Amino acid sequence: MVYLTRQEHFNAAHKLFNPAWTKEENEAVFGVCANENWHGHNYNLYVTVKGFPHPDTGFVYDVKKLSVLMKEHVIDYLDHRNLNLDVPFLTGTMCSTENLAIAIWNQLLPHIPENVQLHCVKLYETPRIYVEYFGKQE
Amino acid sequence: MVYLTRQEHFNAAHKLFNPAWTKEENEAVFGVCANENWHGHNYNLYVTVKGFPHPDTGFVYDVKKLSVLMKEHVIDYLDHRNLNLDVPFLTGTMCSTENLAIAIWNQLLPHIPENVQLHCVKLYETPRIYVEYFGKQE
Amino acid sequence: MVYLTRQEHFNAAHKLFNPAWTKEENEAVFGVCANENWHGHNYNLYVTVKGFPHPDTGFVYDVKKLSVLMKEHVIDYLDHRNLNLDVPFLTGTMCSTENLAIAIWNQLLPHIPENVQLHCVKLYETPRIYVEYFGKQE
Amino acid sequence: MVYLTRQEHFNAAHKLFNPAWTKEENEAVFGVCANENWHGHNYNLYVTVKGFPHPDTGFVYDVKKLSVLMKEHVIDYLDHRNLNLDVPFLTGTMCSTENLAIAIWNQLLPHIPENVQLHCVKLYETPRIYVEYFGKQE
Amino acid sequence: MVYLTRQEHFNAAHKLFNPAWTKEENEAVFGVCANENWHGHNYNLYVTVKGFPHPDTGFVYDVKKLSVLMKEHVIDYLDHRNLNLDVPFLTGTMCSTENLAIAIWNQLLPHIPENVQLHCVKLYETPRIYVEYFGKQE
Amino acid sequence: MVYLTRQEHFNAAHKLFNPAWTKEENEAVFGVCANENWHGHNYNLYVTVKGFPHPDTGFVYDVKKLSVLMKEHVIDYLDHRNLNLDVPFLTGTMCSTENLAIAIWNQLLPHIPENVQLHCVKLYETPRIYVEYFGKQE
């Protein structure tokens, strides 16, 4: 079994804000990340699939197709958007990097072909902060 | 003469939007960057000063003091903010990376001590796009 | 379960030197790393915790608190220090990257809150050499 | 148990081309990667071994020896070569990054000393595409 | 005046080989770079233009248009190609990074709009080797 | 004229300490950098030469020869050393990054061949702090 990873990126605005709390409570928990006028990031997304190389191609999965999947089901929804306001599959979700990684996993999973498995969604919010999600089973 | 550079960063939201134009005109020129609900970036800022190393310290300028200057006069105004809405020294400015670099230069210049010269403000909007500004004289 | 990672760094001097050996034996095994007058590195430290995102915040753990833990219990002891001479929790330890990673794990473990688990300490000695430690259980 | 990783690199030419297929079939599957006059990459190779630090040295394995192993059994065969034409241990192999990682694993495995285990071969074809191989057992 | 830079990349095969010399002479001068079956690189290309930000847009030049220029006149000719065999504008040129940077400058210059100036072509052959060309005038 | 740059690195210990001052004065000016037991860095060194590509090779200068010059006259003196104690050409010099860059320039200059000019020594102390020196004439 071989693990294949592709990196894509998106630039988005967001804020950390729990609508059930007051502005003061949000600022106490989230600090500057709760700024009501938003802030933003250059997110870096690494998606890993695993499987066995096909004898005809040597590919676990065509990495260009993986890139297309990531663009169609994730990047096109997130790039140059407001993660709190503009993204149907994030509606009602606290917009942390953790929840964003889980939502990206759920966006991709139905589109992964049968001969490979989705292994990991790794998402960098900044070069110094990232999360990894391996799905529910692990 | 030796050139000394310090890097800091800030994470901010913005949009490219000319208020004198219609929404359609803005989208025609700025594309996804005109998204009305904002997007954002992890900006990387490099500030270069030049001068002669002091014989007692070997320093052109104490790089920790340069870092403090950058934080006090630039980063504290821009980090986790909306560049179009939250920053007094950007009010009325088209929020391009070019104009942002010029504004950062103007913020820093009055605070640079006499024995060094501000040489360059280099600003990365993304790892693949950056601008450099060397002041009016060049 | 989601894995959350934070990066910090420290700049330190050290040497590889076994006091039970002669200078010649040390040089035979450790080469230039045994230079008696020390050498040094910009170490990069990545600490990963794992847990479930809290419904109120979307956080596995507040990454700013993770950063504070790393600074208080690790970075403040190691940054701009001599790893062989200045660090109480390294006394008597061969100062390899491997042992340094284990010592960092042991420094952090008592301070990790109950709702998350310490998963990995990843330590870069140089951009081309790193070690990972996952604790005794793995 | 501690995991120790060393990075090396090599610059090589290759093409993706299945000799059982026509030129048109190759271009349909492999696109520009099938260019008959080759293209090339700066490959980055990370090799991870795992084991217990030796009490005398603090080393899982001497990272300089790991570097020598990688150079002697992998880099010297691949650097500034044509992966399809010049490398005995790749003859008859579809020259994908997946198969290249497996072949590198097989080159290294017989030379890993008994007190450590080869854990992972991670190979970057570009900064945005990499594969990982952990051997047959996983 | 503000300087604006965009990065693109291409993956190509080449060899360093002077057809006026014997194979032995080529190997004496170029070493492994003369390998007759080619080798290759992930080239990174940074193109800098300079000018004054337009009051309506804040742009020296629309960076997306700069990216399109680079792709149409440079990347589409070089990516996944053999630089010695496949590129009309390199025919008869010794395929060093220096000459490649000059050739890229000459490809771009006729397409730079009048209100900006082409300032620099910076080309990385590897992360540790790069050249810069500022045109004939400097 | 084309500019050619090569990167090398060295790992060294140092401290910032003016022997004409008391320990307290040193700590007041240099802070943690004055730690008497030293600290250290992974320094990154970029050396740029400029000249005209030779028609036979396409080279401004053989980058492998530039690498050898850097190793013989700089890296071999600095790598895995104490910059304050072990380096003849730094004796009596305040060991700032600025002075280190000037000293590296002076080490290299006599060995640069006549057909090229030494243009710049760029030295990173950390990924966020670097200095550039262009020689006395500029």
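General observations
Chains here go by letter, A, B, C, D, E and F, matching the order in which they are written, and residues are numbered from 1 within each.
Here is the rule we use: a residue touches a chain if its C-beta (ideal position, glycine included) is under 8 Å from a C-beta of that chain, and two chains touch if they have at least 3 such contacts.
Here the structure is a predicted model, which means the values were calculated and not measured.
The chains in contact with subunit A as well as with subunit D are C. Because subunit C and subunit D carry the same sequence, their contact can be compared by residue number, and under half of the numbers here are used by both. A rotation of 120 degrees, rounded to the nearest 5, superposes the Cα atoms of subunit B on subunit F.
In whole angstrom, the spacing between the mean C-alpha positions of subunit B and subunit C is 34. Centres computed as Cα averages put subunit B at a distance of 28 Å from subunit E.
In subunit F, the residues that touch at least two other chains are 127.
Shown here, the protein chains touch in an arrangement that is not a line, ring, star or fully connected set.
Applying the touch criterion to all chain pairs gives A-B, A-C, A-D, B-E, B-F, C-D, C-F, D-E, E-F. Residues 9, 11-14, 32-33, 35, 37-42, 79-82, 85-86, 126-127 of subunit B are the ones that touch subunit A when the two sit in their complex.
By the touch rule above, subunit E contacts subunit F in their complex via residues 16, 18, 20, 29-31, 93-99, 101-102, 127-134, 138. By the touch rule above, subunit C contacts subunit A in their complex via residues 1-8, 48, 53, 55-60, 62-64.
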